[in-house]
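Think of it as A, B, C, D and E in the order they're written, each chain with its own count starting at 1.
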Amino acid sequence: MSCLADKFDRLSATYPAQMRSSLVLPLLHLMQEEKGHLTESDAVFIADYLGVPAMQVKEALSWYTMLQRAPVGRHVIKVCRNISCSLMGAERLIDYLKQKLGIGEGETTPDGRFTLLLVECLASCGTAPAMQVNDSYHEELSEARIDAILEELS
Amino acid sequence: MIELKIDNKMVAANEGETVLQAALRHGIEIPHFCYHPCLSIAGNCRICLVKVGGRPKLMPSCNLAVAPNMEIETDTEEVAEARRAVMRFITLNHPGECGICDKAGECRLQDYHVRYGEPEPISIEPKSRKPKFYDLSPRILLDNERCILCGCCVRFTQEVSGSHQLGIVERGSHARVERLETGAFDDPYSDNVIGLCPVGALLSRDFLYRSRVWYLEPVRSVCTGCSRCCSVNVWRRNRHWHLRALGEELNRTAYRVTPFENPEINGPWICNKGYDLHRFMARQRVLQPMIAGRGASVEEALAEARRLLSESINPAALVSAHASNEELAAFQAALGPRLAVYSREDYRPAPGEAVEDGLLIRGVKNPNSYGVQALFGHRPYGVINGHDLLLVWGDNAEDTSFDGARVIRLASFGTQQEFTADVLIPVSTTFERSGSFSNFEGKVNRFDKVFDKPELVQHAGELFGRLA
Amino acid sequence: MIQDLVVYLLFIGYAIGFMLGLATLFTWVERKQSAVMADRIGANRCYIRIPFTNVRLVAWGLFHGIADGAKMLLKENFTPHTYDRFCYNLAPWLAAAPVLLVFSVVPFGGTVTPGRLLPQLHAFFGERSYLMQVASLDAGILVVLSLSGIGILGTMLAGWSSNNKFSLLGAARAASQMISYEVAMGLALISLVVTYGTLDLNGMVTRQSGLLLGFLPAWGIFMQPLAFLLFLTAAIAENKRVPFDLPECESELVAGYFTEYTAMKMGLFMLSEFIEIVVVSALLVTMFLGGYNLPYLSAGGFVLPGGASWALPHLAVVLLQVGTFAAKVILAGCFQIQVRWSLPRFRYDQLMGFGWKFLLPLAALNLVVTACVRWWTL
Amino acid sequence: MTEPRVFFNFEVTADSHTLAACRERSGYRALEKALLSMAPADVEKEVTASGLRGRGGAGFPTGAKWFFVDKKSRVVYLCCNADEGEPGTFKDRWIFENSSHQLIEGVLLAAYALNVRHAFIYIRGEFDLPYRRLREALTEAYAAGLAGERILGTEFCCDIIVHRGGGAYVCGEESSLLTSLEGFKGYPRNKPPFPAVKGLYQAPTVINNVETLATIPWIISHGGGAYAGIGNQNNCGTRLFGISGHVNRPGLYERPTGYPLKRIIFEDAGGIRGGKALKAVIPGGSSTPVLKGFEIEQVSLDAESVIQAGSMLGSGGIIVIAEGTCMVRLLQVLTRFYAHESCGQCTPCREGSAWMDRVLGRIVAGQGVKGDLESLESVTRGIMGNTVCALGDAASMPVASFLDKFRDEFAYYIEHGRSMNDGRLEV
Amino acid sequence: MRKDYWNKPEMGLWERLYIFEVIRGLCITGSVFLGNMWKWLTFRKGALTAYYPEELRSDYSPNNRGRHVLTQRDNGQVQCVSCNMCATVCPAYAIEILSTANFADPCHPKAPERFEIDYSRCIFCGFCVEACPEDAIRMVKEVPDFPGFDRDRMWAGMDLLMNWRPMRDPAKHYPTPQAPLREVPE
């Protein structure tokens, strides 16, 4: 945890000193990068570090969709299913992905490599359909592109 | 003073007030769930929408500051439609289980549903399921299905008690009130959220299913837990609903204690100890006068006490800090000049009890220490001994030794065996008499009689005249 | 005269016993008769268990009267918050006493000669004979009228001093009703007086002892049928019984003028009502139904129209006469009860209209006709 | 290209986003000009003169927004709203990826005009590449003395803090963005008080869209009058329009306001895919009412014209829907989105959006019943205008307009349990 | 125009003479009286009413509501959820219910511990049946067989009410309780 505290210190230095409370979200992001998913004890840890009520951090943790509260696979595939991507065939691709990975929405493959999440708009409407694997975008998808991306990851 | 017009009625409002406050003060009813005068404005229930002259949209009156010449309408069809819509949304997932909900009868949602809602839901969707009977603490249960997410309880923990132990987690229609998984909701003021909840989502385990509220009636009383002397309502069974088959004793039981809003002393809150007042009062009672350990009639006990008093050379009295001002005055008038008077601390803080905080709880755990000390000065017994007779008035078996003096005891609680007094006369509790206490700031707070006293129990205030 | 004192004390005792006994009986009769009329059973739950056995003496519920009396005597005596205690307490007595007094002028038998009843009594009584009547007054019928006028006072006082709107309404109704019907009753009786030419009730009975047309008993009902009807109607109205029970109608006024009375005070009102049944019956019998006269019975025995006769001892004659009178009274009372359970109650305006616009003219007409006939035959 | 270009005035290459490339195309000239030769009030005056309107969706004049802020206040905060979440809109992402320095310059100019010491850029959490590009650009700017202490040697100091969001559409609403920035879950706040009076940490706060702020350098260097001369009179300047959906060349186009909608769809974006007919257009991001194909004939891309047609220009994300698309299922995609993104604070939105989603889900599953459309309509009426923030309106407007314009399709779906068309969203 | 709101009887001269109609009425009641009296005297019963409790009627109307039944769920538990609606609506204050919390059955957390009906007070109005939201209390064709000399003996408890004529509820089948009441995602 000490190295985490160092990172926390470095991050909090970039914010004005009176804005400790603002650091809740950045620290949660940071912690998630470190640990993959977050639990309530992490929230309490951050709250203690910042001196804010633990409930505030817990609320934030449960409220923001990017924060994972359950263990996820090594690669988190987030497929956009909003209007523009749907118009360009996202539903078909989601079915394809489900079938290819053999998992449903929100599930992780048994080998722990992939987690399939369906998300709302990724702001890639012009290049729809799109998905985000871990943090990087993959746009203008088709079955072939998906095959290639998955190939590359494994 | 700002003059504004609500429903074509000129209303005078104070600077900085909201329209809702001004309307409520003038008896114009605007429904509200999330608004509470002692909490910040959340504006999230949206049932208090009103029409403001010159604005296209309906405005929430709880967040609308009064302005001169404002024209507010609360009974137009537009407002009624908005209320109907909001009631529709609130009742969309609210389970229809008023029958088993303890709040029914004093539930604002119920009242508003009758007044502003629609008789039949237009939704045919199944109601969503959320955790029921979620344990917030050993005192409180939370039914998330009934919760309408007004956030009053959360704001209470944030703004009044400051414990920040409750929060609304998840988003959208999955949102629900939760505590931290690691810590119970052990706020010393936690029970206030039960009364604060406009619906029956927060349930008191103590009162759970004990009675429907319309069978009960409140009586104003005072909490004897500390020298704050908060005003409370003690709920006893209404005379019309006295029970016969289920036991007469239930008719003489205080079902629950809730705060009585007294802006001078406690505002709308009391602490958990106050909520437990009825249990404090339901302890084992002394009901039988005793002379040297054997039962006697009241007259015999009094005669014996008179004899002891007349025979003694140097009598003293230990005066209870649970005595009302009236009883103290009666004591002073009848016996005061003849006895050396000491003030007595009936109760001291229990181990683990919150001693003192900035909100309500005070360190002195007796209600009328101020009154006793104002009358007799601060003289704890033990400084001077050598009295041959002690009139010990008050509860709690004393740990002080009485130095071989003869003892006349006036007590309410305990078992007969506990007291090794020469004369023991049972006296009434706070619930069984009316009177007043002076709290630590000297503010006088009155209380009314809740129950009749048991037959052999005497009112202390009436005893002294007969003892003298 | 000690003998007179003994006889009149016996008469008084008989009169009071007769009235109270019949009144009590009528409470039972009313229940039982109405039950039988309505296909019900009626009072049947009161019994006396014969001591040391399990035998329960039910006796068709006859003990209900006793139970009622006991209950009324033992009940808590509630009094309303009235500012006139005196009137409130006086009213039941004013209601009950005149009714009892009326019977003093009613003859309940013919002439009795105690010395001839039993040989043993002869030594004491000698040949003195007495009319079987508590007070033989010349103005007998006027006593009746005046005493029934006092009854109104009790009712009025009760209603007014109860300090209750139902009571007051009942009292107001009672007063107007009783006064109204008193008029018709008085006129009807005057025509009777004109017929018999006497005010004394015993004289009237004596006048009825003969035969009309050789076979019909010369009873008032045959001499004055219209007066009989008028008197009957007015007397029932005086008694405030159905269909003239407006002063105490349960459906409107709780219990009317005695709403605020409990226990034996209320009992007195109730009792006076039933005594009044007896009294009304007695008057009816005396004035219209031949009193103690049994047809064809004279002082010596039966004398049938054909000329056959059957001599009877004096004791038998006296007993027959007293028994006849009692039987007639009971039958007349039963008839009143029958009326009470047959007819619906009048509306107030109907009541008044009936009294003033129907009964009074009819009574007046009857009087005129009677007077004419009397003048003609004299 | 005769029209002036605020954004698309360079060729995107592998390193066109760097400071050097930016400087080459006269980046930071406006900042130099402002800091060295203009007073803060002058900058504000230029912006007011330009008639620039907010590009986030509501179209509030930027100059007026700045005017309301009490600049004498001890602290004034500037927030750049980069939480771009509206389906159909993807303009800010392009700015971050390709022209971050332009935004930084705009932020600094605004900060200078408003006397701001700390400026925040609240960027969407999902944006990974944009976030990295922005951080790079900021590092470059700090290194070059263009941000931080004593910028360009003047007394003006301004720190720019990049704050990543956590994935919440509602945080694009300005007050909820502030709540989120304060470290709470992003509940919108009740207005009044407005952020210009009590915003971040109760201090006066200005919140501007990325595109708005990135336009300011152009206005300062070319003058407000020049900007006001572009496009329509009332609603001047150029805007970034993102076209998505069933068109041949979806993407981002910068066009002056007043540009015909038909032309941008059929000429610039290359017409409908597969040569199909145009069925409907959602002209300003998913939350705006839908327009039927024939309704767009006269519509030009400025706020008034679109409002006249019965919709709103919003954030300029044009979604094109071709003939043959199932509108019922499309609407369900939208309601699902709004039910998912409703923050849960106020009752009508929390319950209503989920209710609409459930009803539509049921209809799509073929279990619609007769009164469903009426109850949907009553739900939209109940939500509209009754919520704390605009998300409630955003959720109910598409439903209301879809039901209004394509009622027969919904009625058919309910009656037959299947779509009138082949039930696909893709063509 | 004045409107007559009542049914004005059209009475002929005969009726208005009254006396004859009175006599007719007296004849009717008198004949009934004499008829019944004759039956009594000849030791046949002249009444339709019965000597209760020595005699009991056997031909009660099917609509007769004489005793209460507490219905049971399929598992034999009492259906009552102890909402006290019946006790509240009861005009005679004859019902008293003591509730208990039972979290083992999450669908029915509230249940009666004691359920008492005072038959010395009950007026058999049936309001309790109408007020019950769960169809847990019913009244059936029976006579309350509680004559006694002691009012305290006239209480019917839950055991009696449930078991003297056990009734299941055919109209309302409850779903088997969904065991974990955690949130069910859509």
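What we mean here is this: contacts are C-beta pairs under 8 Å (C-beta built on N, C-alpha and C of every residue); 3 or more make two chains touch, one makes a residue touch a chain.
Just so it is clear, the model here is predicted, and its values are computed rather than measured.
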item: Required steps from chain A to chain E (each step between touching chains, minimum); value: 2
item: Labels of chains that are neighbours to chain A and to chain B; value: D
item: Chain located farthest away, centre of chain A as origin (C-alpha); value: C
item: Of A-D and B-E, whichever chain pair has more C-beta contact pairs; value: A-D
item: Reference chain D; chain at largest CA-centroid distance; value: C
item: Chain closest to the middle, measuring from C-alpha centroids that were averaged per chain; value: B
item: Between chain C and chain B, distance of the C-alpha-averaged centres to the nearest whole Å; value: 70
item: Rounded Å distance, chain A centre to chain C centre (Cα mean); value: 107
item: Whole-Å gap separating chain D and chain E, where each centre is the average of the chain's CA atoms; value: 69
item: Whole-Å separation of chain centres (CA-atom averages), chain C against chain E; value: 45
item: Multi-partner residues of chain E (each touching 2 or more other chains); value: 186
item: Contacts with two or more other chains, residues of chain A listed in rising order; value: 56, 59, 62-63, 65
item: Parts of chain E lying in touch with chain C, wherever the complex brings them together; value: 18-19, 22, 25-26, 28-30, 32-33, 36-37, 40, 46-51
item: Interface residues, chain B side, partner chain E - complex; value: 98-100, 128-133, 174, 176, 208-210, 212, 214-215, 240-241, 243-246
item: Contact footprint of chain E on chain C as seen in their complex; value: 33, 35-37, 39-42, 44, 229, 338-339, 341-343, 354, 358
item: Residue numbers on chain D that touch chain B, as the complex places them; value: 168, 185, 190, 192, 339-348, 350-355, 358-359, 362, 369, 371, 375, 378-379, 381-383, 385-388
item: Residue numbers on chain B that touch chain A, as the complex places them; value: 157-158, 164-171, 178-182
